[in-house]
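I have a structure here, written as structure tokens, and I will follow up with some questions on it.
Which chain is which? They are A, B, C and D, in the order written, and residues in each are numbered from 1.
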Amino acid sequence: MIIIMKQEATEAEVAEVVREVEQTGFRPFINPGVERKVIALLGEVDIDKVQLVDHFSVLDGVERVQLISEPYKLASRHTHPEPLKITLGLQPDAERVTIGGTELVVMAGPCSVESEAQIVGTARAVKAAGATLLRGGAFKPRSSPHSFQGLGLEGLKLLAAARAATGLPVVTEIMDPHDLDVVCRYADVLQIGARNMQNFSLLRYVGETRHPVLLKRGPGAKIADFLLAAEYVLNGGNLQVMLCERGIITFENATRYTTDINAVPVLKKQTHLPVVIDPSHATGDAEYVPSVAMAGIAAGADGLIIEVHPDPAAALSDGKQSLRPVRFATLMDQLRRLAPVVNRTLADGCTQ
Amino acid sequence: MIIIMKQEATEAEVAEVVREVEQTGFRPFINPGVERKVIALLGEVDIDKVQLVDHFSVLDGVERVQLISEPYKLASRHTHPEPLKITLGLQPDAERVTIGGTELVVMAGPCSVESEAQIVGTARAVKAAGATLLRGGAFKPRSSPHSFQGLGLEGLKLLAAARAATGLPVVTEIMDPHDLDVVCRYADVLQIGARNMQNFSLLRYVGETRHPVLLKRGPGAKIADFLLAAEYVLNGGNLQVMLCERGIITFENATRYTTDINAVPVLKKQTHLPVVIDPSHATGDAEYVPSVAMAGIAAGADGLIIEVHPDPAAALSDGKQSLRPVRFATLMDQLRRLAPVVNRTLADGCTQ
Amino acid sequence: MIIIMKQEATEAEVAEVVREVEQTGFRPFINPGVERKVIALLGEVDIDKVQLVDHFSVLDGVERVQLISEPYKLASRHTHPEPLKITLGLQPDAERVTIGGTELVVMAGPCSVESEAQIVGTARAVKAAGATLLRGGAFKPRSSPHSFQGLGLEGLKLLAAARAATGLPVVTEIMDPHDLDVVCRYADVLQIGARNMQNFSLLRYVGETRHPVLLKRGPGAKIADFLLAAEYVLNGGNLQVMLCERGIITFENATRYTTDINAVPVLKKQTHLPVVIDPSHATGDAEYVPSVAMAGIAAGADGLIIEVHPDPAAALSDGKQSLRPVRFATLMDQLRRLAPVVNRTLADGCTQ
Amino acid sequence: MIIIMKQEATEAEVAEVVREVEQTGFRPFINPGVERKVIALLGEVDIDKVQLVDHFSVLDGVERVQLISEPYKLASRHTHPEPLKITLGLQPDAERVTIGGTELVVMAGPCSVESEAQIVGTARAVKAAGATLLRGGAFKPRSSPHSFQGLGLEGLKLLAAARAATGLPVVTEIMDPHDLDVVCRYADVLQIGARNMQNFSLLRYVGETRHPVLLKRGPGAKIADFLLAAEYVLNGGNLQVMLCERGIITFENATRYTTDINAVPVLKKQTHLPVVIDPSHATGDAEYVPSVAMAGIAAGADGLIIEVHPDPAAALSDGKQSLRPVRFATLMDQLRRLAPVVNRTLADGCTQ
């Protein structure tokens, strides 16, 4: 249930409604920064909902009360009718980038951080092509315990060095709650990987931070589960969540996963959170990445996250799906021509 | 196995290679209209392939012999390296349209033909918006035997009337081999529905005609199976097959099917046959159709097939996924702006 | 909607209700051979259902009127509360076998009929082990047009020879409506293959015969679609349909398909039609067939259809999933011990 | 790669081989308690494997060296040819139960621990019916943050009370690494939930304990990924892992998940680890649980985990899929009759 206040409701009226909500046993939640206040009722209370609607409807300052069927309240567009804009780049040496508005945001970089030369070089290259965030894994969730597991803290430091060199804010994955402090110290955006999308403990810990979060969809997760996972982070008070479609698991084996392109308009309808497409994991093949990147933006996504590696054949992980910098730059040119067709802009690359 | 002849190979040399192929027990197949001849060896013969490669490699006029792993030979881009262009509109009163080249082809119309007013009116509206083919079902494959099954022959006649009124070539579904003659008499393009994608008898019958075919992917069919289904039609000598991605069946239930957007670049790599996207069936919801239509073209598809109905709420089938003509026209405008970004053009609508 | 008559309703009362139903525009359907008459209303009529319930409820002889939500009426257990028993073996030289009662029915034989020695030898072997039907394909639906397509009419004759030699009724696939007469002449049971499960034309033709039908589930078909496909056959007046679960298509690739074992209790709840499991296609690997065959019967299936080949390595199709006769006999012994645990019996093998 | 020692190899010979392995950079691993020693080479080393096989093959005491293709080495049946038996019940007041041998192990209890009366009462009831472990969630992974999240520590204490009252060892889920110590203090078996199957941090922490682990398959995880997840636990030195099939996510929506019954024989072939079926989550409906439980054991599983609740309608979670104690007892009787058919035994219930 959500209570939509009148545009002109006073603070006192809002406070009174909040008090009434608390008395029912529900937890009231108000989305900050929204002009018209909407109060969501959180929790499970065994109470007659219809009677409750009547009760709240007559309070001063209330425009209307709406029963919403989605189990996610905070992630619902009903609670937050306007698309959310998130400013990325909270580390002092990072440039500021806004996702969710007119500007398309492209995050690019290698799957794993491997060396200073590799990450700084890639950062320079993707920035030159117009990327505005740097991606790179320091802690890697690998299917096999016998595979390369990332450089850990050393990787985080190299990412920071790349940021210092280019100004690009850094998005990197957090896997273990014990690493949360150290990752927050170096990262601008916390990535929750697809395999941890329903690691509810981790979601809760991340929800207690105030770092923007890039939440990747689990390959076996329905959109409704995806939004409920976001709800865990939002529920902790961290309201800056981006949703990343990175392919779902289906019977088709010509590609590694199946990009759920339908998810773009569905998410845009259901939630105010920005939507990012990861064509690299969603296809598993660099050859198909440009087509799917174009499709994602044409469908309405707010951004892309793309794997770029200076020497894909030598990459320690996911080389097959990484673009070379030159191919990435060509794709960025095409995206730049696409942007105005969907009423967006894309940052220019710097002169090389 | 395919035998690639030299550019300058003589007809006699080609004929000699064909003779040699026949002696091995394989059936030779030469794709017509291709500058450089490529001879595919069809059938299953228990013979040492490596030895055979050596044998053919030294024949006069042979450039090289290649073992290809795909079970589909005729649908393979190895056999036919250039994208295929198909001219649509074989009925006398139809305009001619080419798919597979620069021009994007948009097929539009109602799910089912319901009345003369409905089909002729819709035809005029979609033509005005820039569509170049008319779709409409006369024989309908409905999941339940108790649902509306289409107008049959009467529906075909109404489609012909709509073509006469607008010049739009007509694509309509063939379900029963017994109806093949009558459908061929009225249709410009034969549609094989998703549920009949592996109805091999029907594929064979259609392969014996010379009507262009729009083959829809079965919702549970892998891309490899899709291409093998096309192979059945090609194998009958009917080389004009278009492939239509219309959504696959997955665990996601926010939309009726999941559009396999990855399939676009995969098909473009594997085959020379034109690729069409059906966002109406792939989403099942008119609200999501424009996004997915845009995505399909951005990904590289050659065309679209879209359900348009003057009054979706009153449609006898699939109303929920049909666009109103005015929404269709807006989408066409956006597609027209997208086309040059992917080096395509889209027909202007006529002045209304 | 279904109208359940009183146990003691007279024929005149039933006839009167039928007449009333006809006047509404619905088509009445009465399941024959059921003690208590149940009249189903078929078709789509735009009428107030609740009012109709009231209208029929007060007619003489009516026990109660029930709105049923399933789109399949004839296949629904509401319409036919008792499990259906079907007698198989309608050719003069066939033994009679009943499926749907206490006795488990095992259909066994090769994927394709290849030669007289192969099919007659296999028939003798599977009969000796306790099988009571012979399976074998004469017309084969192969994914590739370049693969072995079956012996056709010659294959049917060999199946008849195997029946003559052993008394085993024959189940074989019908693919093309043009072959219907000839297949009916030789077969005891018509098989509709998984790829034709939604070939509605074929379903209608088969619905007009009075041959028992083994309808295989399409690998991409939901249970609801499976029952609607059966509804097409039932709707033609052919009420003897067996449902065969043969694996669905999923992301798991350790086996060819995923046996939907849940489907057994679901189907047993939803429909009165007998349920058969095909562990050969559902796993694609002879090594896993016995486990899944056991599971199917333990879950409550009425029968099995299993591929058996005297020399799997030399089979022209599906050798990998075929059991050798000796392995089949061991499985039958284990099934014989399982049968009483689920209150069933399994035919003894004859002495060899 | 694995090195299989001769039956009569001396300890010195084994030690010498281990030393040689270490010099290559691989980490040697010897499965304890196996009569014939098998040494697995773990890690990724860039070295010529074929040369290595030759090198090790001639060492004293080596029977043969085998390259194995599976990425999981410790979970592979190649490394551990005999089925693994695990003794459950490490808390002082727990009875000892062995899984992986002749005896079938049935774990039963409510989804969530709700109160002392509920958990102790259920424990007595399931023990009376023949269950030998008690299941119950104290920390619950719920899709929504607004749903009941379990009693936490209080729940663990109630589980311990139920164990004290009945002797049943307790299996309960661990979600947060921070809770590991406390869960280990109370639980006999650590459950890793389906949503955490690829929470590699958690797998590593659990791998460092010596508590037996029940690892549930992720609904979107292939069998190969499932075994790699087990590999993470084994790699930490915790060799007592049970694998639990609990349904995969597919397009079928008649049940909550699709039980992958094929997985039973596949896992039995690929690994030595015991296999448990969870028919409650795999179907989501108590009505279908008995059929699927029977199927699982008939297919070859070593045990079952079943939700039982004294009053399903009042359960705080998953009530729909919970059996009442009386239905559970009936199922246990049927399983007791099934056990000898698959050469197993099932504990008698105690007299009530």
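In this text, a contact is a pair of C-beta atoms (placed from the backbone, for glycine too) under 8 Å apart; a residue touches a chain by one contact, two chains touch by 3 or more.
Quick caveat: nothing in here was measured; it's all calculated off a predicted structure.
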{"item": "Pair of chains joined by more contacts [C-beta pairs], A-C or C-D", "value": "C-D"}
{"item": "Residue-number overlap at the chain B/chain C interface, same or different (half cut)", "value": "same"}
{"item": "Chain C and chain D: spacing of chain centres that average the CA atoms, whole Å", "value": "37"}
{"item": "Length of the line joining the C-alpha centres of chain A and chain C, rounded to whole Å", "value": "49"}
{"item": "Overlap residues in chain D, where contacts from two or more other chains coincide", "value": "220, 248-251, 253"}
{"item": "In the complex, chain C residues that touch chain B", "value": "42-44, 71-73, 141-148, 175-178, 195-196, 198-202, 204, 218-221, 225, 228, 231-232, 235, 248-249"}
{"item": "Partner chain D, residues of chain B touching it in the complex", "value": "220, 249-251, 253"}
{"item": "Residue ranges of chain A in contact with chain B within the complex", "value": "220, 222-224, 248, 250-255, 258-266, 268-269, 282-283, 287-288, 290-292, 294-300, 334, 337-338, 341-342"}
